[in-house]
Amino acid sequence: MSGMNEIRRQIPGVVDALLGTYDRHGGTSHNLSGRPLPDRQVVAAILDDLLEVLYPGYYGPREMTEDNVRYYVGERVDRLAFRLRRELYRALHHRCVKPGGDCVTCHAGADRIVVTFLGKLAELRRVLAKDVRAGFEGDPAATGLDEIIFCYPGLYAITVYRIAHIIHSAGGPIIPRMMTELAHSRTGVDIHPGASIGESFFIDHGTGVVIGETTLIGERVRLYQGVTLGALSLSATETETLRGHKRHPTIEDEVVIYANATILGGDTIIGKGAVIGGNVWITKSIAAGTRVTL
Amino acid sequence: MSGMNEIRRQIPGVVDALLGTYDRHGGTSHNLSGRPLPDRQVVAAILDDLLEVLYPGYYGPREMTEDNVRYYVGERVDRLAFRLRRELYRALHHRCVKPGGDCVTCHAGADRIVVTFLGKLAELRRVLAKDVRAGFEGDPAATGLDEIIFCYPGLYAITVYRIAHIIHSAGGPIIPRMMTELAHSRTGVDIHPGASIGESFFIDHGTGVVIGETTLIGERVRLYQGVTLGALSLSATETETLRGHKRHPTIEDEVVIYANATILGGDTIIGKGAVIGGNVWITKSIAAGTRVTL
Amino acid sequence: MSGMNEIRRQIPGVVDALLGTYDRHGGTSHNLSGRPLPDRQVVAAILDDLLEVLYPGYYGPREMTEDNVRYYVGERVDRLAFRLRRELYRALHHRCVKPGGDCVTCHAGADRIVVTFLGKLAELRRVLAKDVRAGFEGDPAATGLDEIIFCYPGLYAITVYRIAHIIHSAGGPIIPRMMTELAHSRTGVDIHPGASIGESFFIDHGTGVVIGETTLIGERVRLYQGVTLGALSLSATETETLRGHKRHPTIEDEVVIYANATILGGDTIIGKGAVIGGNVWITKSIAAGTRVTL
Amino acid sequence: MSGMNEIRRQIPGVVDALLGTYDRHGGTSHNLSGRPLPDRQVVAAILDDLLEVLYPGYYGPREMTEDNVRYYVGERVDRLAFRLRRELYRALHHRCVKPGGDCVTCHAGADRIVVTFLGKLAELRRVLAKDVRAGFEGDPAATGLDEIIFCYPGLYAITVYRIAHIIHSAGGPIIPRMMTELAHSRTGVDIHPGASIGESFFIDHGTGVVIGETTLIGERVRLYQGVTLGALSLSATETETLRGHKRHPTIEDEVVIYANATILGGDTIIGKGAVIGGNVWITKSIAAGTRVTL
Amino acid sequence: MSGMNEIRRQIPGVVDALLGTYDRHGGTSHNLSGRPLPDRQVVAAILDDLLEVLYPGYYGPREMTEDNVRYYVGERVDRLAFRLRRELYRALHHRCVKPGGDCVTCHAGADRIVVTFLGKLAELRRVLAKDVRAGFEGDPAATGLDEIIFCYPGLYAITVYRIAHIIHSAGGPIIPRMMTELAHSRTGVDIHPGASIGESFFIDHGTGVVIGETTLIGERVRLYQGVTLGALSLSATETETLRGHKRHPTIEDEVVIYANATILGGDTIIGKGAVIGGNVWITKSIAAGTRVTL
Amino acid sequence: MSGMNEIRRQIPGVVDALLGTYDRHGGTSHNLSGRPLPDRQVVAAILDDLLEVLYPGYYGPREMTEDNVRYYVGERVDRLAFRLRRELYRALHHRCVKPGGDCVTCHAGADRIVVTFLGKLAELRRVLAKDVRAGFEGDPAATGLDEIIFCYPGLYAITVYRIAHIIHSAGGPIIPRMMTELAHSRTGVDIHPGASIGESFFIDHGTGVVIGETTLIGERVRLYQGVTLGALSLSATETETLRGHKRHPTIEDEVVIYANATILGGDTIIGKGAVIGGNVWITKSIAAGTRVTL
């Protein structure tokens, strides 16, 4: 270990050099405000609780019956509400301009979002049941609805997106992105929480799917791995101009988009029932019912 | 925390609304049968034990010698057999039509699959050694066989597929898919346990690879990232008709398929020694020895 | 459990069969040398400590101020130096030809690499700050620099690559690859630690990106998901010949490469400011300023 | 590590020598029956759940209100019932004479005990509330009833004893002893689950208290640290004769026994309201109301 | 598992019965106020951090040198201050009479106690060093000062008492008792945080030692296992009268008290340099220099 | 959190004050040598592995049969040998006078002790089996030999003592004391590893038992809770003189010592077959066969 003692003698110099790069005023990659960001592990735990509540008997404690389901669901909802409230406060307060510690405005904002979110859980269950069914109908390899819920990464990504979208729509910052990035990391499916996606949606295999912030997707749409619904190329100056504008395509009802197809642009509309073949590259609108292949 | 107490007052209503969506009869996204599904974490632990047994000294306790390897291998095999037996019982009994608790038929089925599986482990070692060698011969960036085993996600995905394929072939439900989805999540490589893959197989980089349920792959085949071996597009009614039929291509010996190529259809055959270039889209058979590029 | 006892009776035979495949001399997929490889979990912990030090207040203990940042940074640097030293020793000694136990040469080598690495941390901070800014300027969906650091998998992959590249350049084996594979698993972005990448680099969405070992990338380059910077196809005999030669392209300053584009070959140069459209397949050089689309 | 390899060469011999001492027939200190004993950690977890249910808001999730208490209590009762059932089966089956695996008789026995136990939980709450009050009234250092529940090891030991006593009385083997030994380890108070103890019982400081299997204790009794309620000395042959007979004293209502007093013998009766001073040694009965000091 | 489903059907009734015992108004053994008590695990973690700071190199990260000790100590002090502040708030607010949530008074109180406590840490180091030396001088079995710090439960109990006493003296409720009960559970030594103990104090073996709330102990005092410094017996009515009065003995400088001796009463004074033999029972004052034996 | 920021501003001062007390030269309660002490958690893990090996089927993985016991025992022996070797090195090197890092002498010493220790494990099994039987014969409350092994803290303490005694006799420092203090903490039984204890030894209830360093105990001896086998009182100057001399009593074969009895002095001999009653205080020898009571 004498080598380690040699190394230790260097460490104070290394630390001083690092501290020299933590410039309090205007620095970009350090946060010395004393205002913590939401905790990644807690946000992941909130998602775990939500999955137990949304698919009881599939996630979490395995043996669920009519006799015990009420207790488990109640316990999880209480726990996730408590945690979501605290993390939303952190997310809101991180960018809050008011000086000082405990912020009444941010607390009130967090409370409001939690109440809104909880009020939509039962409806979310209804929507997800249709996504499950769409998954089963879209894949001949599926042996049952239970396999879709239990094994399909596409359904996992859609579920997390729908959760994140509710919080995003209610005005909760950062946390929706943390949630969809967790799903992205696990499934390779990257859906921006700002996207709008209709019922009975299905993504098969999933890896490499990207759905941009201002995408609009209708009902009964089906995607495969590697599909991009993205923005057209843009110069550095355009980036600023485009913040907040529609930059991603509109996909109407009953469209199917096969593997690795790319559809770009805020004015691009894929008409109802169109079928986009694999590896196709589209930057213009496609009429309803059209079949596009390489 | 008074805000939290306000929120708590809403929770009983939220719970009641959720419970209202758990319809015992015919519901699709809840499992109140009291029959648990296999435990995800235990299935992951079974895979970890298998990796230690299949690549001793690379996974798990690091210092392995001829003197201690017998004990470690024996301990892991015993542990994984015990766990696999219980999870297989859950998988079989989850869909078993018999009423009531402990099911003799499902226990016997689980035991039979475990015995079959254990009996194939030594042969699996032999096959995997050839995959390792294929990996080294296929990548000039590899600095040794040990790097293939220790760092290549492609080999990890192939190993998990070969494990899952044995259990799938022995009639074990759900668990093979759980295993390949674990590998999919970790590597971005999605191989259905039903696919049939010959010896000396290699996938480089891996992310975005999809190999469908009825794919047949010969010996000494090499794939790169983003390759899809999939089914042709199909309508909702076709889905049902196609369950169980061959829908994915046949890849003969010594074929190489470069990044992001897509090969679709149950009748599509890529002949021996053919080379498929990157981004190529194929829905028809290709003769042996052909080189196809964009 | 009587079934389990039946199974147990098979296990000694299974173990003997497995042991029969662990051939001491010349075996390829077992390591019975008693020389352990680096520990995956410790390498992951080293990365976690580095992220806390490189982005204080974003990773790790949340509430960071000017008053406590010195202690946290110092504690992490000390811890990671200790761990990195031990894992580097394992990596070096694993392939060391000297017989016997403790190896003075490998210890000295590990110490030297740790000192070199620590000496570059402050400069790394400066470079990463430019990557963060490039990310913000490249994505209109980003709501602030903090979101880039906290939520963008592309930045995570670049950060891990830059860490791994320093260790790789200092002569540390195996561990750089373990690090980039950890990032690959989490983000779908596979950057070889040997690649050379200039400042202000940005990858959006990330999944499916592959950057090969001998790639050269200039400054202010931007990539999207699914981009491959790879080698041309090669026969088995060519593999050996090519080890150590430049096989991957050169990307000059200010190039943008859109989703799923593939650029191959060691002689391929994408000239300054060129724009490569999505799904494009390139095996020849492209002149500066050119715009290539499908 | 070459030293370790030397040591490793000895290990097979060590293992063989150990195995030589595991004599299947008649051995005393190994259990190779394949019938597991209850799991210590699970029994500890059952106690943790029971403490949350018996003292809601003091143990476990801290913030408890009328709105969420039902869910938490229901979830814990369900969980502990499931676990207790399995551990009771193991305890019963460990000594069951029937050959083979799953034993219907032992399962039925475990189920019966669980149902009996659950049926007594509400009554147990009532009894414990009186123990809490006795603790507060007996110690001028206590600042409130909450401190008794939250900080007093004596109450913890009494609570665990009362739980164990119910299971013991219902015919559950081994587990009651595991429970009281857990409390013994944590508090130094060793109460045999077979002892019978009346209401409003209090032990202050606790360490070193021993209450034997056939002790009878009335109501409103108070003990201090180091008190033994034990058996008289006995020869080896007497041990066998005495199994199952009353060997420990009877303590009538309202007795107080001070620190390190020892009271021995199955015929010894400490009459109502007697006060036994510290360090006193008693092997004969004491009349009601008497004050005995050194 | 059908047995479990039978049991599950009983659970709603069990839960209702339990809830019936949670009487909101005036109940004694449930806390449905929504105001949490301090978290036991966090209080234990605070003690762990304190031990690392008070005995650097003996507790916690093992390799400590002059080069890294500042960082470790700083990180631990920052962490424990943060945690202590939150737990003290909970302890204060639990009994606060003000309605509603966040309480400015309790926050200010917690902050004040933390600042006071931190300000006394360096002085505490000085006092503990004298306790360590007293331990070494008192036990011929000790092989060095390091063994006293590393292995002697008596020193651990004294250290925790001295920490708890500072917080108690600064007005922190509940937490000091939680701390000394943690030490009591681990060592069998029960020192009330309110006791006053001079420098160079030593307890050998420890188990069964009880030191009451109003005990006064001088300098260079030595105790052995089983020693009680307690209150005289008292009736139930006396309990209330005595709260807050001196009920435990005064031990002057340089007294030695051997195993299992008991000294009782608030007016009992053991004079300077007295030696109290094992098993002795004392309720009257003893003159300085006296030797009392059985 | 603004309060926390206030507190944070104090912390640098607190840290500086603490650092001021870490005097490198001659300090007594800090270890800044960079030479770590043995790791408490690892020593505890070594004991856990030993208990699994010494009582297979009672500790650790529950289902043990003749078919799998070899693997489990081999895996545990290998693991504990590796760990014990490293911790013994730390214990030896901590007090080693040689400067610098890796110390060949201390490594050789650790290796030698490990080999000696492993060589005595099978004999230890034989001795412990007699302790188990002595426990059963001594307690009419015991329902079987299995209950003695599984539930009796006395047997646990004796087992840990016998392990520690072997290491102590082989010259291993510090670790034997760490082991017996772990058992002390868990059971309240404090046996110094230097004591010499014959076969068929039994301690019932245990809490408060102290057996000093130079105690000699014959065969078939039985102790109860609170028994002290200790040294006579001694002055500070005597302490130094007595280091290494016999200071604790000799207990001959077949002696029984009841609860809370105290026997002191290195010349005190309790003759064969004597019975010492509870609470008795002895400082002189007792003839064989005598019965001593209060």
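For clarity, chains are labelled A, B, C, D, E and F in written order, and residue numbers in each chain start from 1.
Keep in mind that, in the parts below, a residue touches a chain if its C-beta (ideal position, glycine included) is under 8 Å from a C-beta of that chain, and two chains touch if they have at least 3 such contacts.
On a predicted model such as this, the values are computed, not experimentally measured, just so you know.
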Checklist line | If a chain touches subunit A and subunit C alike, it appears here | finding: B, D, E, F
Note to self: Following contacts chain by chain, what is the lowest number of steps it takes to reach subunit F starting at subunit C?
What the structure shows: 1
Checklist line | Copy pair subunit C, subunit D: interface residue numbering same or different (half cut) | finding: same
Item checked: Farthest chain (mean CA position) relative to subunit B -> E
Checklist line | Remotest chain, subunit D as reference, centres from CA atoms | finding: C
Margin query: Suppose each chain is reduced to the average of its Cα coordinates; what separation in Å results between subunit A and subunit F?
Written below: 55
Margin query: Distance between subunit B and subunit D based on Cα centroids, please, to the nearest Å.
Written below: 48
Next item on the list: Would you give the residues of subunit E that are in contact with at least 2 other chains, written as numbers and ranges?
Entry: 1, 3-5, 8, 11-12, 15, 34-35, 63, 65, 68, 70-71, 73-74, 77-78, 82, 102, 188, 207-208, 226, 260, 279
Margin query: List the residues on subunit F that touch subunit D in their complex, please.
Written below: 53-58, 62-66, 69-70, 73-74, 77-78, 81-82, 85, 107-108, 110-111, 114-115, 118-119, 121-122, 125-126, 128-129, 132-133, 137-141, 143-147, 149-153, 186-188, 205-208, 224-226, 256, 258-260, 275, 277-279, 294
Notebook entry, point to check: Across the complex, what residues on subunit E touch subunit A?
Noted result: 1, 4-5, 8-9, 11-12, 15, 63, 65, 67-68, 71, 102
Checklist line | Contact set on subunit A toward subunit F in their complex | finding: 1-5, 8, 34-35, 100-102
Item checked: In the complex, subunit D residues that touch subunit F -> 3-4, 6-8, 10-12, 14-15, 17-22, 24, 27-37, 39, 90, 94-95, 173-174, 177-178, 181, 184-185, 188, 190, 192, 194, 207-208, 210, 212-213, 226, 228, 230-231, 233-234, 236, 238-245, 247, 260, 262, 264, 279, 281
Check: Can you name the residues of subunit C that touch subunit E in the complex?
Finding: 61, 63, 68, 70-75, 77-79, 82
